[in-house]
Amino acid sequence: MLHAVLPYVLCILIFAIGLYAIAVKKNLVKVIIGVMLIDTAVNLFLVLIGYRVPLRGAAIAPIITPQMGSSRQAVSELLGNAVDPLPQALVLTSIVIGLSVTALMVVMALRLHQKYGTFDLTQITKLKG
Amino acid sequence: MRGMTLIVKTITALLIGFILLFGFCVVLTGHLTPGGGFAGGVILAAALLLVVLAFGADALKERLGHNLAVVWESLGAIGFLAVGALGFIAGTFFAHFFAPKTGFVLFAAGSIPYLNVAVGLKVGAGLFGAFLMLAAFRETERAGREEGD
Amino acid sequence: MQQLLPLLVVIPLGAAFLIPMVGLLGGKKEWRISEAIALLATVALVLVSIGTFFCPSAAVWIGGYQGRSELLGLVGSGSAVEVPNPGSAPQRGVPVQEVVPGSVAATAGLRAGDVVVGWRRGSDTEMRPVQSVNELRRQNATLEPGEQLVVRVLRDGQQRDLSAAAGKSVTGIAMFGDGLTRLLVLMISVVSFAAVLFSLSYMSDYTMLALYYCPLMLMIAGMNGIVVSGDLFNIYVFVEVAAMASYALVGFGVESEELEASFKYLVLSAVASGFILLGIGIIYSLRGTLNLAQIADYARAAQPNNALWLAVAFFVAGFGLKAAMVPFHAWLPDAHPSAPAPVSAMLSGLLIKASGVYVLARLVFNVLGVSLAVAHVLMAMGALSMVVGVFLAVGQWDFKRLLAYHSISQMGYVVLALGVGAEVLAKGPAGIPAWKTVGFLAIAAGLFHLVNHAAFKSLLFLSSGSVVYRTGTRDLKKLGGMGQKMPLTSFFARIGALSISGVPPFNGFFSKLLIVIAVVWAGHWLLGALTVFVSFMTLLSFAKVQRYLIDGDPPASLSGVRESPLPMQVAMGILAAACIGLGVLLPLHMSGLLAPAAQSLFDQLAGYTKAVFGG
C-alpha cells in the first residue's frame, strides 16, 4: 500500500520545502523559487489524482489514434486502460497561471533591485506598522 | 543588446523557418495531437527569442520590437473572444458554429482549431513581449552603471 | 440570461485587449481613446447588470448539455477490497456507503451497504470484476442511449443483478446567475464605473495610461467571472485573473514602497492559490466532477469524510487570505494604501469580497453544505478580524492605511454574520425555535453589510485620493481643515465616515443593527456585545479622521489647495448617493435586491441544484 501513497508523499514534501523557502529565506530570488516549488507541487498533485488503475495491461494515455478504429469495443478498451484526461487539462491551465505569476515576480524583483540595490528582504522594509 | 557571433547568426537564419513551421504545426493540429494553443505558442515565442538573442535587440527594434508583441497579443485575445461571441449564431456562447466533423482531418472539431490559433498567437506574442521587457532591464542597468562610472 | 451572463465577462475582456493596441498610438490621443473605451465598457456593464434583474435565474452550459444530470451517484471506498461472504469464499468488491437520491444508482435499486462485485455492459456476456467506483463512473458516462449497465451486488449474502440505464452525464462548463449573482454584479458594475470615472482626472499625472486601464478592465472581468461561474475550476481561474491584474495595479506607480507591497501581496496570494488548487484537486478526486451543482448533489447524500474536511480547511485558508481574514491579513495594510486611489477603492471595495467572501459563502452554503465545525471557524475568524482590525486601525496616522485596517474589520463583520447564519442552519430545529428566521436574517444582514461596505469604503478611498491629488500627502498629522478648502470632497468624506461608523440614516447603521440583532437572537450575547464595541471603536477612529482631516484650520503649507476636478466629484457623488439610498430606501430594495440574494444562500444544497438543473 505504501507504493501507492509514495508519490503523494513526494508531493507534500516539495510543497513543504517551498513553504519553508518562503517563510525562512531572506533572499528575494529564493522566495521566488519557493513559490515556484509550491506551484510545481500542486501541479504534481493534480496529475497524480488523474491516475486510473487499468483493467488489463498497463495504463495508457487517453489519446484516440486513427489505428484504433471507432468500434465500441475499441472505445471500451481505451476507456478501460486510459487515465483521466481532465486533470491534465487543469494542470495545463495551472502551469500557465504559475508562469505568469513567476514572470510578474521576477520583474518585480528586478525593479526592487533597481530601487534598493539589494535582494535582501531584511533591508527592503520601508513599510511598517 | 548585442548579438552573437557569425556562426550563431548563420545557423539561426537557416533554422528559424523550420522552428516557426513546427510551432505552427503544433498549434494547428492541437485537436489531433498533443499540443495545441499554449504549447505551440511557447515554441513560437522561443523561435522569436532565438532571433532576438542571436541578432541583438537593437538591430531588430523596428521590425521585431515591442509594438509587434502588443499588437499580436491583443489580436489573439480579441480573436478568442470573437470566436466565442460568434458562437451565439449557433445558440449559446462558444457553441461550435461550424458543424463538428469527426475523424482525423484538419477542420474537424468545430471551432476548436480557431481557438487554438488565437491562443497560440496570444501566448507566442505575450511571452515574447515579456522577454523583451526583461531584456530592457539589462539595458537600463548597464547604461546606469556605465553612467555612474 | 443566457446571453447576458457571458456578456458580463466578454465586455471587460474585449475592452482590456483593445486598450493596449490603442496605447501604441502614444501621446494625448492614446489617453483619451483608452479612457473612452474603459468608460464605455463600464457603462455597458452597468446596463447589463441592471438587465439581469429582468431575466429569470438560468444556467448557461458552455460546450455541454443542458438538463438534469445523470450522475452515477455512488459513494464508496475508492478501490475494491476483500469482502467476507458468509457461506462461501470471500470476494473482491466495492462497498457502497451512500447512494445519491434520484441518481442512476438509486433508480437501479442500489442501497447503502451493498457490495458491488462485478459489472457488464448490456451486450457483454460475462461479468467483469469491478476495480473501483471510478471505473463504474466511466462506464456510466459512455453508455449509448437505451443501453444498460448491469451491476452484480452482494446484499445480505445473496448475489443479485441490478440494471441501470443512464443518459450522458454533464460535460460542459456552467455559468449560473441567481439572486446573489445579480446583487454582486450590480455592486461590481457601479463601483467600477465610479472608479473609472474617478481615474479620468486622477491618473492625469501618470504616463502609459494604457498600462493602467488594461489591468483595470481585466480585474473587472475576473471579478465578474468569479461571480457568474458555476464550475469550481473556473472560479479558480477567474480568481487568478483578477488577482494578477491587481498585482500589476498595486505596483503601478513604481516607487520602492509600492513594489515592496506588491511583492509581499504577490507571494502570499500565490501561496493561497496553491492551497485552493490543492482543495480543488481533493474534491475532484473524491467526486469525479467539478460542476458545483453536481458536487452539491453528492453533498446532499453523503457525509463528509476526512479528505473532504481537509479540502474544506484548504479552502478556508486560501479564500480566507483572499478575503483578508485575521490570521491571513498581513498583505492588506501594505497593498491597499500603495495602489493609486481608484485601484484601492476597487481592491478594498470589490476584490476582497468577490474573490474571498463570495466564494467562501457559495462553497459553504451551496456546494459543500453547512456544518457546525465550519460555521464555528467562520465565526471565530470573523470575530477575530473585527477586533484585531479595529484595534490596529485606531492608532494609524496614514489615512489610507487606516482605511485598509478598517476593511479587515468590516469584512470580519460580514464573515461573522455569515458564520452565525451557517451555525443556525446547521443546528436546524435542534437549536433555537425560530431558526429559519434567524438564519435568513443573519445571511441577509451579512450580504447587506457586504454591499454597504463596497459603497462606503470605495467612497472613503476615493475621497482620500481626491485629497492626495490636491495636497500630495495622506498623513493625517499634516492635513487639516479640508472642510474649508475642499468643501465637496469633505462633504462626501463625512458621509462615508458616518456610514462606516454606523450612524443613522446612512446604510452602515442598518446593516450593523441587523447583524447585531441576528447574532444576539441566535444566542451569542458575548459576540453581540463585541460587535457593538467594535462599532464604537470604529466611530472613535473616524471621529479622529474627521477631526484631523475635515475640521479645524488648514495648516500654512496647504494654503493653495483648491477643489478637485469634476469627474472625481461626480464619482464620489454616485457612491455617496448609493450610501444614502441603500440606507434610507431599505424597505424598497429589501425584497428586490437583498431577499433573493439571501434566499439563494439560504436554500443551500437543494435550492442550488434545483436552480441549476431546473428541478
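Per-chain residue numbering starts at 1, and chain names A, B and C are given in the order in which the chains are listed.
The working rule: contacts are C-beta pairs under 8 Å (C-beta built on N, C-alpha and C of every residue); 3 or more make two chains touch, one makes a residue touch a chain.
These numbers come from a predicted model, not from an experiment.
**Q** Greatest Cα-centroid separation from chain B: which chain?
**A** Most remote chain from chain B, centroid-wise, comes out as C.
**Q** Which two chains does the highest number of contacting C-beta pairs join?
**A** Highest contact count belongs to chains A-C.
**Q** In whole angstrom, what separates the CA-based centres of chain A and chain C?
**A** Taking the average C-alpha coordinate of chain A and of chain C, the gap between them is 25 Å.
**Q** Roughly how many whole angstrom separate the Cα centroids of chain B and chain C?
**A** 34
**Q** Would you please write down the residue numbers of chain A that are in contact with two or more other chains?
**A** none
**Q** Using the touch definition from the top, list the residues of chain A that touch chain C in their complex.
**A** 15, 19, 22, 28, 31, 35, 38-39, 41-42, 45-46, 49, 52-53, 55, 72, 75-76, 79-80, 84, 86-87, 90, 93-94, 97, 100-101, 104-105, 108-109, 111-112, 115-116, 124-127, 129
**Q** For chain B, which residues count as touching chain A in their complex?
**A** 34, 38, 104, 123, 130, 133-134, 137, 140-141
**Q** Where on chain C is chain B touching in the complex?
**A** Its residues touching chain B are 2-3, 5-6, 10, 13-14, 16-18, 20-21, 23-24, 60-63, 175.
**Q** Residues of chain B touching chain C in their complex?
**A** By the definition above, chain B touches chain C via 67, 70-71, 73-75, 77-78, 81, 84-85, 88, 92-95.
**Q** Using the touch definition up top, name the residues of chain A that touch chain B in the complex.
**A** 63, 66, 92, 96, 103, 106-107, 110, 114
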